[in-house]
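Here subunit A shows up in two complexes: once beside subunit B, once beside subunit C.
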Partner chain A sequence: MKAMNRRKLIKVSAVLAAVSLAVTAVPAQAAVGVSSREIKLGMTLPMTGTASLGYNKIPGAAKAYFDYLNKNGGINGRKVKLIVKDDRYVPTEAVAKTNELILKDKVMALLAPLGTANVKAVAASVNPARRGVPVLFINTGFSGFAEKKKYPTTYTVLPSYVMEAKIMGEYIKDNFAGKKIGLLYQDDDFGTDALAGFKTAGVNFAVKVAYASGSQGAAAAAGWITKFKAAEADVVILFGVSSATSAMLGVAAQLKYAPQWMLGSVGGDATTIKLTGVPAGVLYNAIGFSPVPATTDMKDEYVKFFSDIYAKAVPGSTFDLNVLLGMNTAFMTAQALQAAGRNPTRKSLMAAIDSKGASFANSALVPAGYSKTSHVGLTGYWVGKYSPTGDLSPIGGTYVTYTTDSGSGAVVKSTYVRPAMPAKGLPN
Partner chain B sequence: MQRRPVVHKKQSRDIFLFILGGVVLFFLSGMVDELRVYQGATIAIYVIAISSIILLTGYSGQVSLGHGALMAVGAYAAAVTRIEFKLPIILCFVVAVLLAAIGGALLGAAAARLSGPYLAGTTLALAIGLPSLANQFTVLGGEQGLLFDVGFPPLSLGEEFTQYKWFFWIAGLAALISMWIIKNILGSRYGRTWRAIRGNEVAAQLSGINIARSKILAFTISAGIAGLAGALLSMTIGTVSPSAFPLALSFSLLAGAVLSGLTTLGGAMIGAVVLVAIPEIADVVAHRVGSSERVTTNLPGFLVSALLILTVLFVPNGPVEQHRARKAKHLALKK
Partner chain C sequence: MKKVRILSLLSVTALVTTVLVSVPVAANAAPACDGKSPIQSCVGVTSDGAPYAMQVPANFNGTVALYSHGYRYNVDIPAGIPLIGGYKITNTPEPVPGGNADVAKYFFSQGIAILGSGFARQGWNPDSAIKTNVELIDTFKKQFPKTTKVIAWGSSLGGVITQGLAEKYPNLVSAVAPMCMADNVEPQLTGAGDFLWGIKVLFDPTIKAGNYSAGAAGVAESYADLVKVFTVMGKLQGGISTGAWPDTASATGKALAAAGIPVRSALLLLGLMAGIPTQSAHFDSISGPEGALKLSFPLAVSPALAILENGTNAAALAILATQDVEMQAGGAIFDNTKTDYAARVDVERVIFNAALSGNTVIDAMLGALSAANPGAPRAVANSAAVAKMRALHINTGKINVPTVLMVGVADPITPAGASQRLVDLYAEQYAAEKAAAFKAYQTTRDYKTPTNKLLMLWNTTPSSYTKFAATGAPITSIPAAQGTNHCNFTSAQLVLVAKSLVQASSTGKLPSGGALYTAVRKAGNLSIDKGISVPLLKYYGDN
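For the complex of A and B:
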């Protein structure tokens, strides 16, 4: 009996060993993720689950642009292939899927991973920095990721929460001096960033309400409103995720509570808010912030171009902020790949962003801060108001943009002139 | 008196098999690529977590939908110990086991008064509520969590020795040791007591078994093992955060336990391999077929669910138990 067991065990381990050898016997490539015909990029983000709402449109948006690019010659004849994996917004999954992307699919770079906890876990476990894998244009505004020493291969794109809070503070000083200000924020790094920004801007709050991530809902929102009412806040800033904004606005509509709302960009996408059943009218006159043009602004050449491509690639899907940002990221990536030379490598890709990233054409109305010493992406916002149908558009019809940094630098009105869109929307 | 040598023989065979298993894993880790090593570590961790559920549900007959929460307790305990007291990693794991076991004892005390759907409901609430408690205390790092760094592998293992291989060794060793301990506990008086309770509570009580104490003990041991799995899980992702322990984790572990066969510890491997392999198989299938993104992203869930239904329909006690039963029947027929 014992002998038979052992024999079985030996057989099993022999088979396992043979299989594993076969798996590892793939020949090494000269530049990882780049062949003569293809450039492979990888993306992990929530495609299913509660956190996927809105964000799950990003891969489709990015692919829509890459497909357009590939049909028009690709990058020096190479097609861009985007491999997307669902992480369900769980760090464990994000790590597992990123490992697959880097070790099995052998992608050249990671593109637009989403969520602060996920990006942190991937940095700690997979350690793309040690492997020399570029992590391009991450979908989180946590200011810590711009620390080049800690995350040497990571590039941010969204303006940080600190920048947003500072610009909000500036707007409040200019327009709501003497008014009582209330703040709703998330009790974590997201909120800590915001508080730091408001502090730098010198905003004094009549009331601050913190909520724990995951606790937001109608019942909690009723409690928040009681606090804001008690403090007689004239202006209420909602610096939280979409579900918090939606819960708050939904309950406020029922209770007929209507202060001057000011929405942070993270929870301010009208399409996502309206999807939860909040009537568009509640958004009317609320103040909002965005680094890219209004998604309904068809006079904007980038918005027009992106929405045309998207309508053809994903018919029937609304062109919203997530789509615009997804396509913009793909657009910037294409330029980075083009600038990385005839035979791009991970190193030359990062060098290209370091040297030319600040001048990459893209839809944003604010400058990007890429340089040899900085991996900071976009650095500001324009201020707008929501229309009766819930669309954010610039106050007075023209975009007035502000720019700042994540430190103690001043908020200044930006004179940045966006590069014109390259011919046919292809990198040159 | 006559049985004793048999027991000794069996035990020494078990020890031999466990050591052999360790040696095979050791050599295997040197042969496969980094991704497989990483997946191997994940499988080892799932084996531990699933066996803790098998011990609790399969042997003591108590249902837990909240093992993810107990894993979170272990993970946070290990990370906080590491960060605040800078203890060696092995001690962090010990603390994880102890604290999760204490949590399990408290939960068990409540659970001993509950059964069936009420127990399931209580543990479910725990799975939902407990991880987000971390948001209330700054020492736990809020939603973004804490870094949990077990350090680089010792230099004596060579420069080529990867971090994931180190994780695999730690997780593999932990899995072997905990499986060996669980196997012995289940074979001991306690294991028999639990099986008696699961079979018939009244009869067990009549035979002099203290039901409440036995149930609490089962919960305590199971929680301690789950805590170890949690600490190991956060080791592999380098961080601890509430979102790493979602409700889905508790459910998929339970699904893994059902796939393994709830009453056979030896089957834990099956559930663990399935949980790790299914998403990859789904990926391959979806790409072969060239289907849309929506299919690709939902296929793993569909496959696990389908397997679960098939298991419950055709091998309700798990493949291992089924195989044993068939073999026993076969032998009986032969005689």
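For the complex of A and C:
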């Protein structure tokens, strides 16, 4: 190569300086899914079909927050665009739709895909890890997804099912000692995690009833009730999806079967349950668990903020647990994008969560476990009871949160202090 | 296009057709050529008795494309056997894939000759076929001394032969394309053996599924197996909707049936254990008919139907290839005494949990199929036969010359994982070449980036493709979807491979960049996305 003469060098330097100035003034093309004007994210989850009930509000909730963010400057001038595809809760369809998001839509990251089987199918067949595609804040509590070595680009957000079962187990030991406990669980990894958690907690069940995913319905529920009745269960834990909880409670109401219900968070959203025709009264005094504040708690600054935005974005739609979680996820994503630098890349996005994710402001009342060595999201729950109208509120009126891990660690009361809401609910 | 050119291309089509039915001359003689123009045709027989055909355009530029056909049964199939009955052994030469006229036209338009034999021995034949090809190249060069470059390509077992040729004789070929390539004999027949074994132990214990007798008796046993397996498949087709197990089910199968386990779940599990794709010609495992089955059909039924369709497609080859290789090796070659089928489906049991009817059912089925259950006796191989099988030609996966791979992601007979293995091995090879280049740079201060020698063309399935009649019944009379079935390529896709080979042969470099993207897009239904990664054959998880 010929040596560059001094005059040319000066010219080139000047041009480079100008380019550099331009870069700081106007966001430049940085990475896949990132243009000077927008950042594209993709989401697959059930928008139609029997499994969609309740969960199909998550994209609208996330979009409501992103729209708010975009109206307030976006992320360094870029608008966040969320592309949503319906996978109907069919794993093979999730694979096809995720491929579309990555190959055709060229999204920067996948956001909040839902369902253990779906996320596992995508991991095996689409292989986001090999492609370096971040899979942010997945909507499944299967503890295995937090294995960073196996799923290096996947970030959990929900507390794991193991954690939830362990915390439920502690509550049972403290409050239902000597009672006969029954368990309804999904006969897959979702249920396997729950069983592991209950085992760690030392819960002995009088009866365990497994249902295969997709088999839940009124006919199946009648059979379940027969088994719980036969075992004379005093407390029945419903550790399944919303459609299983709804089927069980609906049939129980008809048969006037009323044990002490305990609802897992996945199938415990009252709005969703009531939408299936289950009378709210059936839920009364049932015990529930949540990592985020009660959706009716308008004294909570996050709940108030999110519900106000949602009411304007989707008028007439009930602000429920799925909505709150969807908006919370979008809010955390915005902070991750902001922390990923002026020209974010897939790598810098993941690095931002690794280094700062544990301190992201969000509505959860329990800590998150993100670090350079951990992709564990939230780590606990508070315990509540459902009101006569089906609203979940903390027992005794105060949130008492418990935290634990997905291993053999103890369940302890959390001392976590939640970060205050950033100004205007925008990432700093 | 000029009028003359059109006429010339039309004549080419006719000649290609003619070549496929030509009668060869005496073995090891110089080829007999017709001396015609614009395309001269020559036929002959190699020293081992393989009939061959050459077609050389008048504007021959010195490059010849040698094609290796895939597996052909090495026994006649009696007319009474369903689906494949009436087949007669053939060694008709095949100088382009299936006599594809578009491919021949393309080559001739470039001044490139085509060449191919029907091989002397059918069945699993890479050892003899590679030798045949070496002789064929020599014969062609002697007949046409202007020859400077040889492109080699092949389909299915012909892909193995092509890759083997490039590995053993890299100086003979300038670019190669193993298409819908089979894996090496042991991984390939392990997959076949796993599925046949499962069909036997659950659905019809009278199926032999290997360990056939020597000679004609063994051939007769394989015929009997073909009839039994196709009969069971027919019964399973009915059972998928009714839940009923075949009346020929084993005691183990009947026990599972009595426990209320749907037969569709059992069939799906067998397919997953063997690594059979869960998308087939007509079943995408995604679509459902309008109405009540919209969700439950893809979730619970379609994967089993895909296994049924793919398994039926692959069964004949699985039985006949097993019998063939056993004959070559001198005994039983399939052994699953140590196979951990539960580990094999560790991921799949989550993905297809609903179709498999949940963990309790999955564990019951895996328990029934475990080595601990005497009701599902494992197959034991003859160690001497296994050693002999392993002494057959084995490809190492080394890429010596510019190589184009193309495969359907849901090919039921030669799984895409066979090509994935080469992709993975080449990634290691390329990394080593880069490391060596860097090491050399430290001495010479002249860094030479190694040239990429692999282009992977994935023939992908559409995002959804199962069609339903107004009654809700799936339609299976339409053509197979792209990316499914065996070596199911369009002419445009084959021509793209041919063009890539021509370029690589001429320049030493495979197509890349924008030109490649455009060509791939125009060919249709192909992807060169480096992020695509398909599972290797299950054999590799065990070994």
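The definition used in the following text is that the second predicted complex is superposed on the first by the 398 of 428 C-alpha atoms of A that agree within 3 Å, B and C clash if a C-alpha of one lies under 4 Å from a C-alpha of the other, contacts with A are read in each partner's own complex, and residues count from 1 in each chain.
Here, a contact is a pair of C-beta atoms (placed from the backbone, for glycine too) under 8 Å apart; a residue touches a chain by one contact, two chains touch by 3 or more.
Treat the numbers as computed from the prediction; the structure is a model and nothing was measured.
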Between subunit B (first) and subunit C (second), which, if any, makes contact with A:91: first, second, both or neither?
both
Quick check for you: in the superposed arrangement, does A:59 touch first (subunit B), second (subunit C), both or neither?
first
Applying the touch criterion given at the start, work out whether A:238 contacts subunit B, subunit C, both or neither, answering first, second, both or neither.
neither
Residues of subunit A touched by subunit B versus by subunit C: which partner has the larger set?
B
Quick check on the superposed pair: does A:47 touch subunit B, subunit C, both, or neither? Answer first, second, both or neither.
first
Using the superposition described at the top, list the residues of subunit A that contact subunit B and also contact subunit C.
49, 88-92, 96, 99-100, 103, 116-117, 120-121, 124, 127, 186-189, 212-215
Note which residues of subunit B are touching subunit A in the complex, please.
13, 17, 20, 24, 27-28, 31-36, 38-39, 42, 132, 135-136, 142-145, 147-149, 163, 233, 236-239, 241-244, 246, 248-249, 279-280, 283, 293, 296-298, 301
Please output the residues of subunit C touching subunit A within their complex, sorted ascending.
278-279, 284-286, 294-296, 298-300, 303, 347, 350-354, 357-361, 463-464, 527, 529, 531, 533, 535
In the complex of these two chains, what residues of subunit A are touching subunit B?
2, 5-6, 9, 13, 16-17, 20-21, 23-24, 47-49, 59-60, 84-86, 88-92, 95-96, 99-100, 103-104, 115-118, 120-121, 123-125, 127, 142, 186-190, 212-215
The residues of subunit A that touch subunit C in their complex are 49-51, 88-93, 96-97, 99-100, 102-103, 116-117, 120-121, 124, 126-127, 130-131, 186-189, 191-192, 210-215
